[in-house]
Amino acid sequence: MHAPIELANVAADVLARIRERAPRVHCITNSVAQQYTANMLLAAGAVPSMTISPDEIGPFVAGANAVLVNLGTFDRERKSAIESAVAMAADKGLPWLVDPVFIERSPARAEFARVLVASHPAVVRLNHAEFATLSGDKADGESAARFAEGHATIVALTGDIDTVTDGRRGIAIANGHPLMGMVTAMGCAGAALVCAALAVESDRWLATLAALAAFGVAGELAAQRAHGPGSFAAAMIDALHGLDRGTLRSRLKVS
Amino acid sequence: MHAPIELANVAADVLARIRERAPRVHCITNSVAQQYTANMLLAAGAVPSMTISPDEIGPFVAGANAVLVNLGTFDRERKSAIESAVAMAADKGLPWLVDPVFIERSPARAEFARVLVASHPAVVRLNHAEFATLSGDKADGESAARFAEGHATIVALTGDIDTVTDGRRGIAIANGHPLMGMVTAMGCAGAALVCAALAVESDRWLATLAALAAFGVAGELAAQRAHGPGSFAAAMIDALHGLDRGTLRSRLKVS
Amino acid sequence: MHAPIELANVAADVLARIRERAPRVHCITNSVAQQYTANMLLAAGAVPSMTISPDEIGPFVAGANAVLVNLGTFDRERKSAIESAVAMAADKGLPWLVDPVFIERSPARAEFARVLVASHPAVVRLNHAEFATLSGDKADGESAARFAEGHATIVALTGDIDTVTDGRRGIAIANGHPLMGMVTAMGCAGAALVCAALAVESDRWLATLAALAAFGVAGELAAQRAHGPGSFAAAMIDALHGLDRGTLRSRLKVS
């Protein structure tokens, strides 16, 4: 149904548009992830900003092309920043993504994630434990599709296989490498790349799969150069920066 | 008294248990150190978490197997997070380590460190200047042993030589490399590795020396690959990730 | 007017003094930049500290040799920390640098930057968009000179060409590499190196150009080793750490 070469071309087109248009992505993310997320966005050709100051969140979001909302290092200041950012994004019609990090470990985070998911994010990106907590359902392609349809959003359920669904259209991406799980903020950085893609591709489902496909392929290339998770983290940024259409076409594994 | 091969085997066993059990280490640490500390724990096979939000610190510490308390970037929010975390750790019987960063530069930090050390941490990890400030004594093996015995804790006095003492048992580890002093948060990351070891080894003295021995040997391996402190920081994570029993046995230098 | 070899020697002398004297640089900077800034200072031979806690900012600045004030991630706590730090620096006669990051995106930041620039910083370091916002003038060498003279400060206007002027003396440095623009906090780290130089060289104009010259040359060396912006970030730290007089003399491009 989805020819890999066709989707590889979509991913390559999206990457090319990010490099050309340099979209601004405003990131509300945890302090652990800020540096790696900013560097991943810069490597892709996007322009990150990161402030969560109440006096500034308005102008920064107003000047952005997409917004990342990550719940890691969740505190009062960040919660208030998120509320302002989401209101501003809705007002301006900007796409925003919610990444409900570690909600299975914190009831306060899970509760807030539910409020956010009801506020019409373009994409919800989460792993299996987070999906199970959020949906109260098992984490598989079918329940992800149901959840996406019910909430009129895209669900990107990440893991060994990444599932991207809008309820009607679903795809499974089998790229990536185990070292991606050994670098902190790797998932957050991938979610930021989805935001950059949302800024240049209005079909949210295509934007999401394009970004995750490129991210997974970059992970495979990085693993070939790396001597362990430390060098892998840098190699991943190098690989995304240099990623080309031919490599995407030869490596993409979707079903 | 301590055959290097015997202790190298202890260190290798502790590393193997961390990789197998993936202990959760909750880290209250400064924003400068968060990313490097998280990546070091992941490379060792542990699972880091980092939140300091008052609403969340309880559930995160309750779900952890060990707790790191680092005083770098000391502020009101972190002070309150530390107090909650220490109370919860005591309640749950979790081992916790205090790393009184830069107390020689700040009376407020030194005062708070004294309160913490009186609250029964499993381990106090500090450098010579910090030890002198905390103890009011000179920084050597004898005074470290006295301090450890008096406070019923383990003292890990780090420097060119790392001394680990519980008052009765003391050991000096001569591994490591000068480049370790040129990477920010290296000591914090080493302290986090001690926490991961405490989660899988109930003899706190053995856990501490195992972690510091592995860390020092990883530093030597990393220096062989590095072109300076930038590549060394990544190589250190690679080296810890790949560290094996044979290398520990051939390289450990203790007395 | 400025023989490259003469200025290369100045830069080499300044680097040598930083390595010898290990000046303490207290940095009030954003959480995105803290780790990279600290590692750059350590690689140069300086000693970074980073706290912004109101209880501690006084003793830390009092014990420092120079102060970095960066407006990235601008919030109330940081604003208050900056005000305390600037007052203490004035009191102690310490050089301080202001880096008005992203003021073109936030009126609150721009307003605060104007107050700071009126408080007699040793150096103002900014890019073209930031200069235009701050000065209300176009960003070129002449208006930078006017601004520097009018505010009795050094202006370091960075870009493909770095301009350093005190109003009477001006220089353009043509070193550097495009990859420097693809790593977050690279400019912040360069500003921190200027602070380390200010701590060991009382001619603020020479200190600033020495630091930016060394930084640009390090960028060129790093680009030769890098496979993309990820490996470049680490290679830049390696290159600054190993930078020698001969390389500065053969590579410096000034006019």
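Think of it as A, B and C in the order they're written, each chain with its own count starting at 1.
Keep in mind that, in the parts below, a residue touches a chain if its C-beta (ideal position, glycine included) is under 8 Å from a C-beta of that chain, and two chains touch if they have at least 3 such contacts.
All values reported here derive from a predicted model rather than from experimental measurement.
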State which chains count as neighbours of chain A and simultaneously of chain B. C
Across the interface between the identical copies chain B and chain C, with over half of residue numbers shared counting as same and under half as different, the residues used are different
Expressed as a multiple of 5 degrees between 0 and 180, the CA superposition of chain A onto chain C rotates by 120
Distance from the mean Cα position of chain C to that of chain B, given in whole angstrom: 33
Two or more other chains in contact with one residue: find those residues in chain C. 31, 35, 233-234
Could you list, by residue number, the parts of chain C that touch chain B in their complex? 31, 34-35, 38-39, 42-43, 48-56, 59-60, 63, 77, 225, 233-239, 241-242
Within the complex, which stretch of chain A touches chain B? 30-33, 35-36, 72-76, 102, 105-109, 181-185, 226-231, 233-234
